[in-house]
Amino acid sequence: MKIGVLKETQDGERRVAITPTIAKQLIAVGFEILAEEGAGENSSFKDSDYTDVNVTIEKRAVIFHEAEILLKINPFDEEDLKLVDEGQILISKLYHKSDPELIKAIAARGATAFSMDAIPRISRAQDMDVLSSQNNLAGYKAVILGAFEMTKIFPLMMTSAGTIAPSRVLIYGVGVAGLQAIATAKRLGAVVEATDIRSETKEQAESLGAKFILVDNAGEESEGGYAKEASADYAQRQKEAVNKSLFQADLVITTANIPGRKAPVLITEEQVLQMKNGAVIIDLAAAQGGNCEVSEINKTVIRNGVKVIGTSIDPKSVSTNASDLYAKNIYNYIRHLTEETKFKWDLEEEITDETLIVKDGTIRKN
Amino acid sequence: MKIGVLKETQDGERRVAITPTIAKQLIAVGFEILAEEGAGENSSFKDSDYTDVNVTIEKRAVIFHEAEILLKINPFDEEDLKLVDEGQILISKLYHKSDPELIKAIAARGATAFSMDAIPRISRAQDMDVLSSQNNLAGYKAVILGAFEMTKIFPLMMTSAGTIAPSRVLIYGVGVAGLQAIATAKRLGAVVEATDIRSETKEQAESLGAKFILVDNAGEESEGGYAKEASADYAQRQKEAVNKSLFQADLVITTANIPGRKAPVLITEEQVLQMKNGAVIIDLAAAQGGNCEVSEINKTVIRNGVKVIGTSIDPKSVSTNASDLYAKNIYNYIRHLTEETKFKWDLEEEITDETLIVKDGTIRKN
Amino acid sequence: MDILLNIIYLIATITFIVGLKKLGHPETAKKGNLIAASGMGLAILGTIFIHELAVPPLIYILIGLAILIGSIIGWLIAIKVEMTKMPELVSLFNGFGGASAALIGLVEYSKNVSDVTQATTIVAGVIIGAITFSGSLIAWGKLNGSLKSVVKIPFYNPINNLLFIGIIAFAAFMIATGVDSQLLLYALLASGLAYGVLFVLPIGGADMPVVISLLNSLTGIAAAITGILYDNMVMLVGGILVGSAGIILTIAMCKAMNRTLGSVIFGAFGGGEAAVVGNKTLGSIKSTNPSDAAIMMNYASNVVIVPGYGLAVAQAQHVIHELEEMLSKRGVNVKYAIHPVAGRMPGHMNVLLAESNVEYHMLVEMDDINPQFSNTDIVLVVGANDVVNPAAHNDPASPIYGMPILDVENAKHIIVNKRGMNAGYAGIENELFYNSKTSMLFGDAKAALTDLVAELKNM
Amino acid sequence: MDILLNIIYLIATITFIVGLKKLGHPETAKKGNLIAASGMGLAILGTIFIHELAVPPLIYILIGLAILIGSIIGWLIAIKVEMTKMPELVSLFNGFGGASAALIGLVEYSKNVSDVTQATTIVAGVIIGAITFSGSLIAWGKLNGSLKSVVKIPFYNPINNLLFIGIIAFAAFMIATGVDSQLLLYALLASGLAYGVLFVLPIGGADMPVVISLLNSLTGIAAAITGILYDNMVMLVGGILVGSAGIILTIAMCKAMNRTLGSVIFGAFGGGEAAVVGNKTLGSIKSTNPSDAAIMMNYASNVVIVPGYGLAVAQAQHVIHELEEMLSKRGVNVKYAIHPVAGRMPGHMNVLLAESNVEYHMLVEMDDINPQFSNTDIVLVVGANDVVNPAAHNDPASPIYGMPILDVENAKHIIVNKRGMNAGYAGIENELFYNSKTSMLFGDAKAALTDLVAELKNM
Amino acid sequence: MTDFLQFIEDNLQITYILILSIFVGIEVIKSIPAVLHTPLMSGANALSGVVIVGAILVMLHADPADYLALALGFVAVVLGVLNVVGGFAVTDRMLQMFKKKK
Amino acid sequence: MTDFLQFIEDNLQITYILILSIFVGIEVIKSIPAVLHTPLMSGANALSGVVIVGAILVMLHADPADYLALALGFVAVVLGVLNVVGGFAVTDRMLQMFKKKK
């Protein structure tokens, strides 16, 4: 089977779906790999790194034409689909719930499509779970970005030129990204607080040294480990509980998401106006509409001295490691779907079932 | 006595010499303080923060005209000196050894000038030592900058999507900045190595968790805690000892300086070419000519996949804290020089003697 | 002549004290045992040969024969028996000691019945000897499995107490009246034997070691009493030593099991019920304590530490590092096995252990460590659960089926530290805890490891 | 009658054992002392009143008077004396005990001279009593300063040994011949006294506690010997207890000072030379050990920890946090005093302590903590030097003159941990280490603090 | 009670020996690590075999014609020796696990 | 040597008592914290004052006419009591520092 690795075209994207190391492993299994020219460039992988492990470097068009399986990280877009043929297998994130148009377009081409973001969050699928692997790095990088943007340092320092108070970091949403953000900020010496709608996250946050701000979440049960949309009442209670910390915070990182929905608004413009001069907000949910009312995706908005940076949960900038993990996830996933390079099409099996969105032009999920 | 606080004009500078907190303390002693409009803006201090503590906000020209003491961080430049009158007292960094022209220009105006960078590094002067207070923050920020620029993360992570090897950080020069860089990189989980010409720094680096690369420094005695210029022989030995680590490093931070001289070249272009694809070099000595041959001040140069960022040891970006510390240094210094707001002119005293560069138009030091 | 024997006895007594003392420390225990044994040998030889009695050769031959037979059998049993069968063997031997004391009494009674003191010691020796003998045999039976079930006798306590009072009254009567009746003596013997059976029978198998220790202490007292009879110092002091040390030991053993002596002997029937998961019976839990765990680890060659979410909850990262350093310093080869999803976020264990400055090279990935477990003496699992749950291999119905795990089961011994029997993230039972190679070290990870480190330091 | 007295003696003996045992633990020591004291009272009262002798009232009056006088004086001295003078008082009292034993011997000699065993015990009692008496008085004199210098006697060892052999020979002669001569007895007494003086005189003042403990043990032996004379069990057992416990204690004290008993008694003359810095004599160093330090901290109310560069070098940040947590848990109020330039980079201590998760609010800045030192029971300085060097205040010639420092001198007691007497960054001597309130806890910070924590855990 | 007091009176020194031995037994054993519980129990068990001394005395004093006494004594010696030899040997084996590492 | 053996022979039980007492003394004291060295020494010192019992016996047995014996005995009692009372009192004071915190 020929696997084609495409260069990501999305603005600002620096990752690549398959790294040379993983390519080598796939080739050892029996696959043939084609990679687009310069696909790994922004992740610090040279074309020569790929050819060293027997990957064939090709132009984009050639890959679309020759590969039976096409790999990407970001969803295939209109431009891509024009080049897709019937029977080709597409693997990437698809967000099929929020983007039904894309799914229809894929079906129209008669292709087959698996979605990486639909991998169920069950124990045995953990090694294919790109959401976990990528969110994790996003949590780390959000803190680094915050530290970079701030005009203050994180740790407490008692020096002969006076004492620098530690920065106060507030994290909304203690999922995978939130936990890693807590860990990273704590390592750097900040005073970290965190909040989440799921109360089991309290112990988790505390296990990493954060203070948890508990908001009474009666009636806001989570489903299968995910948060559901919060009631207006909860939002109000949350504001009351968190405001004091928010107005003292030097850095705020928001990571709250509800799968398949618009992200909840947790910080209103009014709240931003009451924050400290010089504070920074990193909104990792900006791609889903943002947890902060004023954030805009890929923009830095300044309101009353507060810098609001809208970004996505995709850790595009730590592209080397992000690609490593993504590639390993795909590797595990492909190995799961295939037997000696042949697809098993075991549609009864939970992981296959949940992720196979379009099969030969037929939409299975939406 | 009226003290005038000027807004910094240097490119990229975000600090301010006096913060509202310190202004308040000086006023409590009996000084009167004027500050230039927007002086603290980039350090997240509003003009209103100053007026709240009874500082008068004025236009630049007014301050030059009214203040008896003029405060800055960066050296007074030509533009500034045009506005300086006879008998005015200037306090800022002056780098009198490397910039004799500036000193002559000041003398020509008949003014008096104290240099903050000339404060002797003796125990009792530690609370006035701006080099220490600023280099310290620079060391921290260099690591943050490096982490921000890299396409990898710092810590080791063993995850279900594979193991991320920890980044390797190499620090040249274990002075104040180098030590803080070690501490910060170590906190974030990197594997840190460091080297310095002064062998007493071995224990210091190790006390912060770094591995020290010992270079035989026979015949390269340091003077009064400072390094002297290294011999070509030493440079060769250093290369041999460090190269292995350099070529494996993901982040290199160079901080080596010899007071009053051009910075030593520690990394040649040839070495850069052998480094890892994707590696980052932060050259904190770029303003003194750079420790890396290819670095240019305030520029990012990319050579064979290696990003070389030339910057100065001035921690301009963490301006809030940097200003806090600088201001506290100046406060201690002014309190040392004066008695109830009157200057003591105790020229016998070491700190006064060393820092008073021009007195009433007469050059005392060069 | 006599003075020589007395000095030999004195020396033997001192070896008993010193030996017992040395038996209390792991490094000196073996030596202590040898010292005491040689003292014992000396005392026996002295007794046989140093006296001024005219003893017919036949008797010497008989004595020699008896010693030969006893030695050979004792030795053979001792070196042949499996490690796991040793406690029951101790019980058996102890019973023999008791029997020996009772037999002596049987022989001496008629000769000394007129002297109240002597009669008292003899009667006491017979009763105590008989109780130890039959009690020890029951304990032996329970431990080796021939006596399986816990026998629940109706009205147990009243019957028992009645019998006890009866024996005392009977003995007092015999001493007071000074009757010289072998028949009555045998009756006394029989009632002692009966009491021994009744005493041990209702006690649960798990509590047997405590009972054995208690009976052992009784044998010591029987020996001491016989010592008074013969005005023999080594028996007196040696017996009392065993008696008092035995009581202390018994109490210590109860404490180590979180029981009181009372609850072992009366009421509570030890030995927990077997837990059942799914359709499988999981067997029962063995719990251990920091002291035991410390010794096991100290004398191991290869130790692997498996940290989990509980380590993070307890914030025990600093203590685990201290433990690891201490073991390494003592020549133990220590590693950490890091499961890719241990904790609650990717790299959770890495953050934690980096904080306490654990060297990166000590951390081994799952795939690399799994083949090494068969070569590992002890795995210390700290606050981990799902990541070492064999259900991932064995139970297709389990939510974690198919997840790769750390195969700690392959190690020679597994110590699991957690606070109780709560499930982990996946909310399921873990067979590993019921494995015969597993000992549970209950308690908050920080507290338990701190104790463990303290125990290690004392060694 | 007699049986009652014997039982009283038995009880007294048991109180002595239990009392001594309890004296070995800080929490029970006071109680132990009381228990032993009441046993002693019982024994004394029993001795006076329970017997069948016809004793004239005069004698009772005399005994009562003697006890009254002794009690009042003893009590008054004991409660009046300053804390620091107590060891010398112990020496004095011990001397009295020895004298008492010797006096008994003097009285009893002529009555018992014919019986070899009795004569032996009496002669031994006189000699040992005399040695303890004079030796203790010398020790007392040395400690309270009346006997200042270490007397160096030429040919000390030969003379001493000769005298000792002479005394033994003399005593053997008296016993063997059974001469009933008070004169010879007094001569023996005198030579015993002389030996006591010679024995203690050359030993340095710093070693006096060891000597006192040794003499104390001798008094115990004298009492035991007297016990044999009177066939009195409480004296015998009590005396031997004190004798053997005293020897063990003496050895322990030597160990705590890193000396051997031999080096204390012979050769090495204790008491270090005073160090001199600049023109000033700094006095001498007092060193302490983890055990002492642990007890002091455990019983303190306010403890301040001053970390310095040495803490970083030793990487002892995790242990210091453990210590702090442990003390806090025991109700001690603990804080860290952070000097702005402690370590080798700004914020060095902050990085270090953050790593071990010390709460930020535990760290107090120099300006805030300085006024609090006068209220602090114990300052624990760990690997800091320059930042607590009073030369910054006192010595204008010092390179650190004018630098603000942590005024730890104001605390009630200072414990300084460092590896040796090396200078810090500034390369200068530190008077603080010679302060009478300072004890040095030598050793690498990590090792020393680990020991300290272990000691605390055992308390 | 009076009997008891009388015993003490008659055997004062024995009483002291008893009490001191009890103290020694207690002091010597207290605070031993739990893993030594079983070996120590086993060691103490071997020591309790000191009763063998009594059994030997029975034999030595026995009338060679008193077959019952001889037989009982013989059995007593065999059992006692079993206790002693087996006890020490088992203890020694248990203690193998505490061997110092090479 | 033979005298010594004879003594043991004659006083077998006393010998056992001596040896057991020595063991008790050693076991009871070993491993005490250094800060208790001085109080313990002081306490042991008070105990060694048990010699007072002997001094009292001297007085009780003294011939009321033997002034020397009476005088010596009297002094012996005074000194012994000093040792006992002073010893225990000083020890108690030393131990004040180990008072439990409120």
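Observations, loosely collected:
When the chains are written out, they are named A, B, C, D, E and F in that same order, and each has its own residue count from 1.
Quick note on the criterion: contacts are C-beta pairs under 8 Å (C-beta built on N, C-alpha and C of every residue); 3 or more make two chains touch, one makes a residue touch a chain.
Because the structure is a prediction, the values reported are computed rather than measured.
For the pair chain E and chain F, chains touching both partners: C, D. Among the remaining chains, B is positioned farthest from chain E, on the basis of C-alpha centroids. When chain centres are set by their Cα atoms, the one at the greatest distance from chain A is F. Looking at C-E alongside A-C, one finds more C-beta pairs in contact between the chains of C-E. Centroid to centroid, with C-alpha atoms defining each point, chain D and chain F lie 18 Å apart. Taking each chain's centre as the mean of its C-alpha atoms, chain B lies 74 Å from chain F. Per-chain CA centroids place chain B at a distance of 56 Å from chain D. Multi-chain contact residues of chain E (touching two or more other chains): 13-14, 16-17, 20-21, 23-24, 27-28.
Annotation for chain B: residues 126-127, 132-133, 136, 155, 157, 159-161, 164, 187, 189, 209 touch two or more other chains. Of all residues in chain C, those touching 2 or more other chains are 17, 21, 233, 237, 315, 340-341, 346-347, 351, 354-355, 357, 458, listed in ascending order. Pairs of chains that satisfy the touch definition comprise A-B, A-C, A-D, B-C, B-D, C-D, C-E, C-F, D-E, D-F, E-F.
Interface residues of chain C facing chain B in the complex, by the touch rule stated above, are 338, 340-341, 346-347, 349-351, 354, 357, 360, 363, 365. Across the interface of their complex, chain D is touched by residues 122-124, 126-127, 132-133, 136, 176, 179-180, 183, 187, 203-204, 206-209 of chain B. Taken in their complex, chain B has these residues touching chain C: 155-161, 163-164, 166, 189, 191, 209.
Of all residues in chain B, those touching chain A in their complex are 14, 42-46, 126-127, 129-130, 132-133, 136-137, 140-141, 144-145, 147-148, 150-153, 155, 157, 159-162, 164, 184, 187-189, 277-278, 305, 317-321, 324-326, 328-329, 332. Taken together, the chain C residues at the contact with chain E in this complex read 16-17, 19-21, 23-27, 29-30, 32-34, 36-37, 40, 43-44, 47-48, 51, 53, 55-56, 58-59, 62-63, 65-67, 69-71, 73-75, 77-79, 81, 83, 86-87, 89-90, 93-94, 96-97, 99-101, 103-104, 106-108, 116-117, 209, 212-213, 216-217, 219-220, 222-224, 226-230, 232-246, 248-249, 252-253, 256, 288-289, 291-292, 294-296, 299, 301, 331, 455, 458-459.
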